[in-house]
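You will see chain A twice below: alongside chain B first, and alongside chain C after that.
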Partner chain A sequence: MKVGLTFALGSLFLAAPHLTRAQGEGLQIPKSIAAGDGFSIQSAGNGKATLYIVGPNQVLERAIERGGTAFFAPGALQNAGHYLVVLKADDSAAKGEFDVVAANKPSELSFFARPSRLPIGLHDGITGAVYIFDAYKNLITAPAPVSFELSTPSGAKQTHVVVTRNGAAFTEMDSTAQQGSDKFVARVGDIASTRVVGQVPGDPCGIKMTAQPSGQQIRLETAPLRDCSGNAVPDGTIVTFTETYGETQTTVDVPLKRGIAQVDMPAHNGATLSAASGVVLGNQIHWEKQ
Partner chain B sequence: MRKFLITLCVLGSATARYATAQPDVRIEPPANVEGPRVLEEQTATAVVRDYLQSWHSMSAALQQNDADLLDMDFAGTARDKLAETVQEQARLGLSAHYLDRAHDIQIVFISPDGLSIELTDRVEYDVQIFDHDKPVTSQHMRTRYTVVLTPAEARWKVRVFQGQI
Partner chain C sequence: MKKGWVLAASLMIVTVALVVAGTVWPIPSATAYASGQHLLQSSSTPEEAVNSLGEAIHAQAWEKAYLSLANRGQFTEPDFVHDLTGYYPSLLTYATLDHFDTRSLHSSANDADIQLKLYWSTVVGTSPVSRDLHVTKNGDQWQVEWPIQKVSVVPPQVIPVNYLRWDVIYRGAGDDWGMQDVEAPHVRIVDMHPVQRADGVMILGELLNEDVVPAYVSVSATLLGKDQSTLASAGSFDKISHLLLPKQVTPFLVEFPDRTLAGVTGIRMTPFSTLISASADPVIEIDNEQLNPAPGASLTGQLINQSGQVVNVAHVLGTFYDKSGQVVWIADRYVDTALLPQTPVPFDIHIPEDLARRISTERTTVASFSAGGVQ
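And now, the complex of A and B:
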């Protein structure tokens, strides 16, 4: 009778070969389960035995009676991995293997966005990468679409949809023409992760300098500096003023203040005055006594 | 690319020379690496070297039930899960000896910032299980591992360590 019952139950499992497989001596174990799912392992024979489920990421041990079904409640095995199953009795040992795979439902994104601050107008200047994890912090390796969205304060958006491979996906975005704090969002299903990317003005598009007498000196002053998209260049940006007179050259570095840079330099008749910031050169002025 | 392969071959043959117990290591050319960054050969060599070392750390930790042995090569979730296994093994009186026999490694992803690298490894290993120091079983196993590593102070550490056939 017991043989007949075992055979009948074995046939039941064999009817769904993608779910279960027979391994070892009379062990019926799942081929794979999703992390956190309940499962059962059926054994043949009779008498007491110890069931071991062993992997690097988790281990279970249970005393059972052979010839029955050992049920494992949901949550018993949470960590994805490949597991060895051993049913050990005094007189025998049966073995099998099965997988615990990540649950398909994403629960957590590891989202790496760089840089946190960059100049406007850079092609592929912003990068984002994600790894997708389930509720048990298992990497979901099944392909899944990830939506990357970069939005400016004015509402303009760039969106890229990328399908993960081996649990990872990445994208590259252009920084926009407008300065400000953009939101960079990675989304999978109803899970989202947001980073803020500061976009700052680029180098000045040009420098226009004026000169006028200031007592015994010359006062040099730039017009408000803007980048090539019209954004004000931030205060603190260094403007270098240079006065060349004969064999003498005088250089002064001045930070922008309220958008302009201003300095007083010695008034030498015939001197050449110039201004520069980074790689941008401004106009030159040849000073003649007025 | 050629130079890269030579470097990795040197790594593999050097590994094989040290001792017969060392696993065979095969490294697939990183032809289809996902990500915008170019994989530098020095980086690839370091990643593979540190990953292979992590197997030794894991094996020692699970054999001696000492989670501190994981610290050099594992971080984050991978370390947490392995450490929980160590604790549970100790509670049950179990220990496991993992001996990696062969690795077939392919680097599959480099994040754009270069701060995480993912590889897959078709690994063959033997595992021996002991219950209160009595052998329970030994088994030769083949598994495809998915591994994510990130750089730490002086080496790459494993942050995701997940096997599946």
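And now, the complex of A and C:
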């Protein structure tokens, strides 16, 4: 069946010059329709014929009586693009063409937000790109305003409105000084898409460590670590404690738990104790017997 | 037709002759693996007694090895086996003895001290273990006194752990194509330094996880020639701590064997990172780190597992700096015994003699692996 249809369509295309001449033989076709809309094609003459509509990813075939109107229900053609119409009868053939364009009503947004996680206080650190599609996933190329809104947990908002070009709109936003999960929303009409952007604290602004005896050992403990904007450095961040005593050294990588890092180390009189996290150094303590 | 019969008969005769020869005069390695009467048959000298014990360990003939010991009344056979292969799952649990060396330390008419060096073949390479054995004469035979190492037992207790863990949810197959995936961790090479060694080019450096989530990391390097053409590419393999918690730094070493820096116009470094489910425990203290000068330059210290969880394999990485703070060498060592809670385990890392003089400071890190998951 498919082979027969292909052969017939192939024959029609090979006979294109003839069909071009036959186009004036009474096929009335709309110049363009919106994807998913119903439409009709009127033909002249009489007798049985077969109407073919060939377009992107879709072929319609219908047996009609010439001289009448063939109606196509809404949803018959869904893919935007250029379509060819061929009316084939035993004694003649006619050809026409028309366009199916995306419906103007947005139905779906594809929203790319990058990155999903970034440090606080980055200028233009967050990017958002939107592509607008109709109900049949055709890209809507007609200009449309897109509202981008980035809101922090505290309620602060940044809003940009960008008009699409060729179906896409793009914007950049700043990450704020406050850590947390921001909501990044793109909206076109009543269609919206939301992404979550995590704003995370930067490096610790400083490390303040205290030491006190703990049995036969020294208990080292940091004050709660914060970045330079006052955000708490997240738990799990590694603080490296180092004790240098004579020619020997003791080190421990300790994760922050509940905001602080704590460890017991050997008590050596005259030892130098220090703390660091990544590239940030903390204070040094010279331990003397208490 | 006749030639075929002659050939078949010849092959059969040769085969039978070889079987008979192999049975009557077996080679030493075959003897070692056999559990027959050849094993442990001769202990007429201290060296023979130790060699015989080494062959029994090589053949995993534990009972024969145990029965040959002079002090076997002090411990059981399972104690002896666990002393060799570990009480808890570790690198030695699944290792086999590749070979062994002996070295006489002291000898007299009735006793001797001999060092037995066992080279265990583990999944991460050869792991040498030395034992100093006292050998005594008993009649006309010599017997080894095995220096059993009793494992210090941690008293039963409950160690509270504020368990911190990260899990990752990636985008699903059914998600919209615009849906962003979780961002890979941000890592940064904070130091990189190529050195020319006799056995090739080494790229030394350090990598920092500057993100707030754990990262699985690796580093690859590409040597570039004229016109930016690629001369060679290699990765850090296991000369790196692959799991980096937030703000943690690992050294890395990329080796290019048999390469020289001559002709290298550039080096392209490619750090790789991806999210990984991980926990912040166990915490391992590295105690008494000490740089020992040449000859026999090394970094020694002790690992103390501060958590209540048994660490099955520990990988110690040493980063060595000169006076200006530049990385001059990176070396590593796997600890072949499990780290029990609060129990010190020694380690030593060999430092090349020619570099030992230049080394001023060091930094030691530990990557750990526990049964049931990474870290």
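Just so it is clear, the second predicted complex is superposed on the first by the 261 of 290 C-alpha atoms of A that agree within 3 Å, B and C clash if a C-alpha of one lies under 4 Å from a C-alpha of the other, contacts with A are read in each partner's own complex, and residues count from 1 in each chain.
Keep this in mind: a contact is a pair of C-beta atoms (placed from the backbone, for glycine too) under 8 Å apart; a residue touches a chain by one contact, two chains touch by 3 or more.
Treat the numbers as computed from the prediction; the structure is a model and nothing was measured.
Enquirer: Scan A:N57 for contacts with chain B and chain C and give back first, second, both or neither.
Expert: first
Enquirer: Does chain B (first) or chain C (second) touch A:P30, or do both, or does neither?
Expert: A:P30: touches no partner chain.
Enquirer: Report for A:R114: first if it touches chain B alone, second if chain C alone, otherwise both or neither.
Expert: Touch partners of A:R114: chain B and chain C.
Enquirer: If you stack the two complexes on chain A, which partner ends up touching A:V279: first (chain B), second (chain C), both, or neither?
Expert: second
Enquirer: Just to be sure I read the superposition right, which of the two partners does A:P106 touch: chain B = first, chain C = second, or both, or neither?
Expert: neither
Enquirer: One more residue to check, A:Y131. First (chain B), second (chain C), both or neither?
Expert: both
Enquirer: Quick check on my understanding: which residues of chain A belong to both its chain B contact set and its chain C contact set?
Expert: Of chain A, residues 112, 114, 131 contact chain B in one complex and chain C in the other.
Enquirer: Quick one: in the complex, what on chain A touches chain C?
Expert: Contacts found on chain A: 109-118, 131, 193, 195, 200-201, 203, 234-239, 247-255, 257-258, 263, 265-266, 277-279.
Enquirer: Can you list the residues on chain C that touch chain A in the complex?
Expert: Against chain A, the touching part of chain C is residues 162, 164, 166, 176-183, 190, 208, 210-214, 245-249, 280-281, 283-291, 306, 362-366.
Enquirer: So in the complex, the part of chain B that touches chain A is made up of which residues?
Expert: Within the complex, chain B contacts chain A at residues 34-36, 58, 62, 77, 80-82, 84-85, 88-89, 92, 94, 96, 98, 108-109, 111-113, 115-116, 118, 120, 127, 129, 131, 136-137, 139, 141, 143, 146, 148, 160-165.
Enquirer: Considering the complex alone, what residue numbers of chain A touch chain B?
Expert: 32, 50, 52, 54-59, 61, 79-82, 84, 86, 88, 93, 95, 97, 99, 101-102, 112, 114, 124, 127-129, 131, 133, 137-139, 141, 165-168, 170, 172
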